[in-house]
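Here subunit A shows up in two complexes: once beside subunit B, once beside subunit C.
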Partner chain A sequence: MPFSMAVKTLDYTPAWPPYPSLWMAGYGGAPRGNQGQVDRRLRAQCVLIDDGAGPKVMLRIDVISIPRYVHQAIREAVVPLLGNNNGNFLIICSHTHSGPFIGTTRPHPYVMMSLTPADISAIEDTTNVFIDQMITLVEQTLAMARTPVTLWYKEGNTTIGYNRCDEPNVLTTINALIARRTSDNGLHTVLFGYACHAVARGNDKTFCSDYPGAATDVISNALGVQALFFQGAAGDQEPNDPHAPSQVTNLGTTLGNAVVQMVNSGSWASVTGPITTHYLDLKLPLTVDFGDPAAVIRARNAYNERLDTTAPTDFEYRHAEVMLEQIAGEGLPRVFPMPVQRWKMGGLNILALSHEVLSEYAVRLRAQTAGRLWVMAYANETEGYVAANDILQTGGGNRFGYEAGWTDDSTMSGPGTWTTFYPWPAPLKFSPSGPAAAGTTERVLLDACTTMLNL
Partner chain B sequence: MPGPSTTLTARYGLAPVYPCSTAGDLHLFEHSTPTTGTFAWGDNYQVGSEWQGRVLAGPSGWMFHTTTGGELRLLHYNGTYWDQFNGSEHIVLGQGWSYTAANTRYRISVDEDGVIYTLDTLGNLKAHYYNFATQQWAVQGALLDTGLTQYNAIVATSRGVVYARNAAGAMYRYYIDFWSAATATWVKPVTTVTTGWANLKNLSSAGGETFYAVNQNNGNLLWYSYNPVAKTWKNAKIIGSGWNGEQDVVVQSNACSRFPWNSACNSFGPQDGGAVITRLNQVKKN
Partner chain C sequence: MTSEYRQLSRRTLLSAALGGAAASVVGHGLFSGVASAAAGRKTLLIGSVDRWGNGIVQLADPSLNGESRIVPVNGQPNGIVGSPDGLRAYVATVFGPGLSVVDVDTAKVTGEIAVGGFANQVLTSPDGKVIYVATGSSGAGGSSGHVAVVDAATGDVRARIKAGPLPHTLALTPDGTQLFVGDERAKGITIIDTAKNAVAGSFKTEKQVLELAVDPKGKSLYAASLRELVTFDLRGGKAGSTELDGVPCGLAVHPNGTFAVVSLYTGRKTDSQLVTVNIASNKVRTKEPNGKANGPLTTSKDGDRAFVLDKQNRKVTSADTATGKPDNSLSTPNSNTPTCVAFVESV
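== the complex of A and B ==
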């Protein structure tokens, strides 16, 4: 089936002006601000695919994450340009930990780095510049001339990381989608996906697109076309050690060369149309019903006690302050929103999950789905980790509860876990023993994905 | 479905108690020991005004308000503020709910599932169940019993359990048995479950057959708890004083329970797969 495509790449690496602040996201602790150092530049890339029924747009960004309100601001501006169909617009973040801090809610710059209100206000100003740039990029891509193309799909394999939660899943699949010009069958664009935390560089103050950027450079240089990276369910996938600038090049080269080798060899499956899209704003349950005043009172007491028993320099102290502010102000969140999106492209399905989804979901969904399934994560918005039931059950027993969100009390945020940095009052609901029961996170998410994939 | 447990638990370890003054000011007092009934309180603060009429506390922050004009309203307090329903803080559920006069205000009560029970002056005991999730009436006016003219007050408590008081202060325990057989049955008392409650007003329950009431002679707030398995009482513990001036004193109806919490109503609505509706329809006489 003939498609048409437009692709545009923006080097948005923040600098002043126009960016009023250069605070970096990804690692908590001491304030981490960029002062102009750039290694691999940060890209925002927009790809438009039109199957004759209107454009579908993917926006991919070298950034650690964007919170819900930023996602919604971009979406509200873009979706009217796409027939008011939410499914036709998809954002994916690469999750590089060496990019700007976008948004002031989740993760929270005060909890992460103890920033002052003025500094947080500056992050908000930076966020507004970022939002405008992303919307403009989409608008410009929509205005571009479109190239008739055919689309082809293939899976490859390489290993650049490991499972940091000591779970058996190590995701090694490379998903690749290429566009060839209809006119001469020449290569037009390469989209590729892999699941691994973009933390190969480690914690410093240099902007860097990490291994995804390095792989993109390898592919573009070798093939002479734009390449676009899409992150997968990397919530527990860690790049091989060491974490150092040289490792960005090492791992990016490994991945990029694997993609180049795939492109330069055969066995590509034709992607047929039309493209159908679906979008669902799922609501995952928390362990506590924070719509119940008794629960809120207990949380207030517990977080007040945490203020009494921890130091202001502790992450959990600042998290407790944020929780108490919410209780006194807008109220605690009662659910964990999770946009889920599907693009069906003939025999290829793309399932885009928001948040830091752990690999178990990708493994299970791929196993149960006929045909090819490309699972993306960090899609649309990222406000926490979504682990499967066994990790959630374990709490502090696995990596101090980081991916579970709790340590010794499942009714409140565990100190130093993801629910601290993306401030949530409690972890996601799970079954305390045995398999996931109805109404718990794993079941709710897998059932919703299955339903969507059956559409 | 199991029957009630001998163990009483408090889901969040405390019970919100809502006194409402004759001026309509609604406060929240945090009772810290609803399963043991000690004189232990957390904070208290005003959460509303213009609650003249009759206040009823349901489960998980759901509150019913019958106005002096007989309008039944549903509201939800989430611990920080009152939720909005299409721009309003309340949903109107119906008219003709006249429970503000001295001889009727204790003839309406809510159990831990959120079922409203009413006893009219003709002695008809009825159940009404509004589904908080669907925002629809699921059961309206299910007639549970007739001829109960000897009672002047009712207080609903555990799942399907209603206590009724006669003029002498004797309490009688009616309940729906939904665990002994496939079909639920309405069970009438053969004798009193306790006596001496004539001087109590503002009868309310935190769930699990735990009761709060004001001694109208001295204004003490009293706590009682009945274990329906052991058939034993923990009686008349004084947990507060100076409560005589309140128009209503009501307690969140599911702060405590003797049933599994995973099927208990919460702020999202029922979590029991329709069990409440099924059993009410099985025992109703109309």
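== the complex of A and C ==
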């Protein structure tokens, strides 16, 4: 089927000016401000695919995550340009832990780095610059001349990491989608996906697109076209040790070379189209219904107690302060929003999940879906981890509850878990024993995905 | 409003850049440089960080009077220890490379060692030939840490030992054969055989371990937890406990092995405490209010003085360990937040 495509890459590596502040995201425990050091530059890339029924746009960004309000600000500006169809616009973050801090809600700069209100305002100013740049990039891509192309997809395999939760799933599949010019069948663009936390560099103050950026460079240099990375369900997928600047090149080269080898060999399946898109704003339940005033009082008492039994320098102390501020102000959240999106491209399905989704979801959804299914994560917005029921059940029993979000008490955020850094008052709802029951996180999410994939 | 914040941000960037420049001149591979100092020179080493994440080590007189010397280091210091000869300080930092070596005499960084970021407590072997660094943090985005074993002469990392997900606190037996590791989150302690650089065992504790220390005779391990100081034998058998009034944030044992010193956070509305505990009887020996000084602590080599960090008021306080009463304080420069403290005496 004939498609047309436009692709634009923006090197948005923050610098002052125009960025008002250069605070970095990804790691907590100390103020982390970039001072101009850049290793591998940060890209925002926009790809437009038109199947004759109007453009579908994917915006991929070398950034750790964007919170809900930032996602919505970009979406509200872009979707009117795409026929007011939410499904036609998709954002994917690479999850590099060596990029700018975008947004001031989840993760929370005060909890992460103990920043002052003035510095947090500076992050807000930076966020506004970022939002403007992303919207402009999409607008410019939409205005570009489109190249008639054919689309092809294929899966490959390589291993650059492991499952840090000691679960059996190690995601090694490479998903690749290429565009070839209709005019001469020449290679036009490479999109490639892999699921692994972009933390190979480790903790320093240097901007770096981590292994996805290194792999992109390898592919672009070898094939002479733009390459675009999309992240998978990497919530529990960790790159091989050690985490050091040299590891970025090592792992990125491994992945990039594997993609180049795929492109240079056969067995590509044709995307037959048309492209159909769907978008759903799912609401996942928390373990506690904070619509119940008694539950709010219990939370207030518990977080007040935490302030007297935790050292003031600990993450959970600052988290408790944020929770008490919310209780006194706008109130505690009652649900965990989770946008889910599907692009069906003939025999290829792309399911884009928001947040830090653990690999179990990708494995199960692929197993139950006829045809090819690629699961993206860190899509549209990222405000926490989404684990399967067994991890949620285990709580502090697995890695002190980091991915579960709780440790000893499932009615409140576990110290040092994801619900601390992305401040939530309680973890996601789960079945305390046995398989996931109706109305719990795993069931709600899998049912919604299944329904969407059957549309 | 916006322009005011932007102005602030420019200052932020400028200061950060200056801090970075200071750190960037640090050389590598200078671990065995000749250092010398008069015997008996005593120095208090205070690690601190400014609001932009630039770290320094302040070399102060233990009297807390007189001028301090300042050494910029690469990122926020999280742990600090002096070499047994008192000539060097090893500074564990949140950002990579993770370990800086400071010549105490010249007040210069002489090397950086890539142990990985999120470095926490740091210790040296009794002979000073090996440095142990605990790395890991729940702020590491879900990544795990390790205990790095570093050759002090060459700066080579001999081993990275997986000793729990987030190694945080360390204690070493006086003969240097057993290293005890407390995790940032675990209710338990891991034991490392230092001859093999391998985990030799572990045991559970009732509460999360916040601080660790071994007595100078090498018979007991002390683990400070919420409202409790627990005594274990070196195989993990519980031998006693002492009730405390809050959250221990610093722990040291007097060189004569008779008492432990603990700094306590006791809540938002009450003063912090400096407590000494009779180790033999498991009874509180002294308990004195200490303002907001509830951070890490160290003692002088003779154990007569204790030094406790006050992160809120950005200073270090000193006290006579016989009475436990605070008697002096020293502010950190540039309103830095103090993060770690150690005492060295040259031999």
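Points worth noting:
Keep in mind that, in the parts below, the second predicted complex is superposed on the first by the 455 of 455 C-alpha atoms of A that agree within 3 Å, B and C clash if a C-alpha of one lies under 4 Å from a C-alpha of the other, contacts with A are read in each partner's own complex, and residues count from 1 in each chain.
FYI, a residue touches a chain if its C-beta (ideal position, glycine included) is under 8 Å from a C-beta of that chain, and two chains touch if they have at least 3 such contacts.
Computed from a predicted model, the values in this text were never measured in an experiment.
Partners subunit B and subunit C fit side by side in the overlay (superposition on subunit A). In the superposed model, C is the one of subunit B and subunit C that contacts more residues of subunit A. When both complexes are overlaid on chain A, the residue A:Ala234 reaches neither subunit B nor subunit C. Contacts of A:Gly33 after superposition on the shared chain: subunit C is touched, whereas subunit B is not. Remark: in the superposition on chain A the angle formed at subunit A by the CA centres of subunit B and subunit C amounts to 90 degrees, rounded in steps of 10.
Once the two complexes are overlaid on the shared chain, A:Glu330 sits against subunit B while remaining clear of subunit C. In the superposition on chain A, A:Ala122 makes contact with subunit C only, while subunit B stays out of contact range.
By the document's definition of touching, neither partner reaches A:Ala215: not subunit B, not subunit C.
In the superposition on chain A, A:Arg399 makes contact with subunit C only, while subunit B stays out of contact range. For the overlaid pair of complexes, the smallest distance between C-alpha atoms of subunit B and those of subunit C rounds to 19 Å. Residues 289-298, 301, 326-332, 334, 439 of subunit A are the ones that touch subunit B when the two sit in their complex. Those residues of subunit B lying in contact with subunit A across their complex are 10-16, 28, 30, 42-43, 60-61, 76-81, 83, 252, 255, 266-268, 271. Subunit A contributes residues 16, 20-22, 26-37, 97, 112-113, 115-116, 118-119, 121-122, 125, 164, 197, 199, 202-205, 238, 241-244, 307-313, 315, 396, 399-400, 402-403, 407, 415-418, 420-421 to its touches with subunit C in the complex. Per the touch definition, subunit C reaches subunit A in the complex via residues 2, 5-6, 8-10, 12-13, 16-17, 19-20, 49-53, 75-76, 78, 94-96, 114, 116-118, 137-144, 160, 165-166, 184-186, 210, 226, 246-247, 249, 265, 267-268, 294-295, 311-312.
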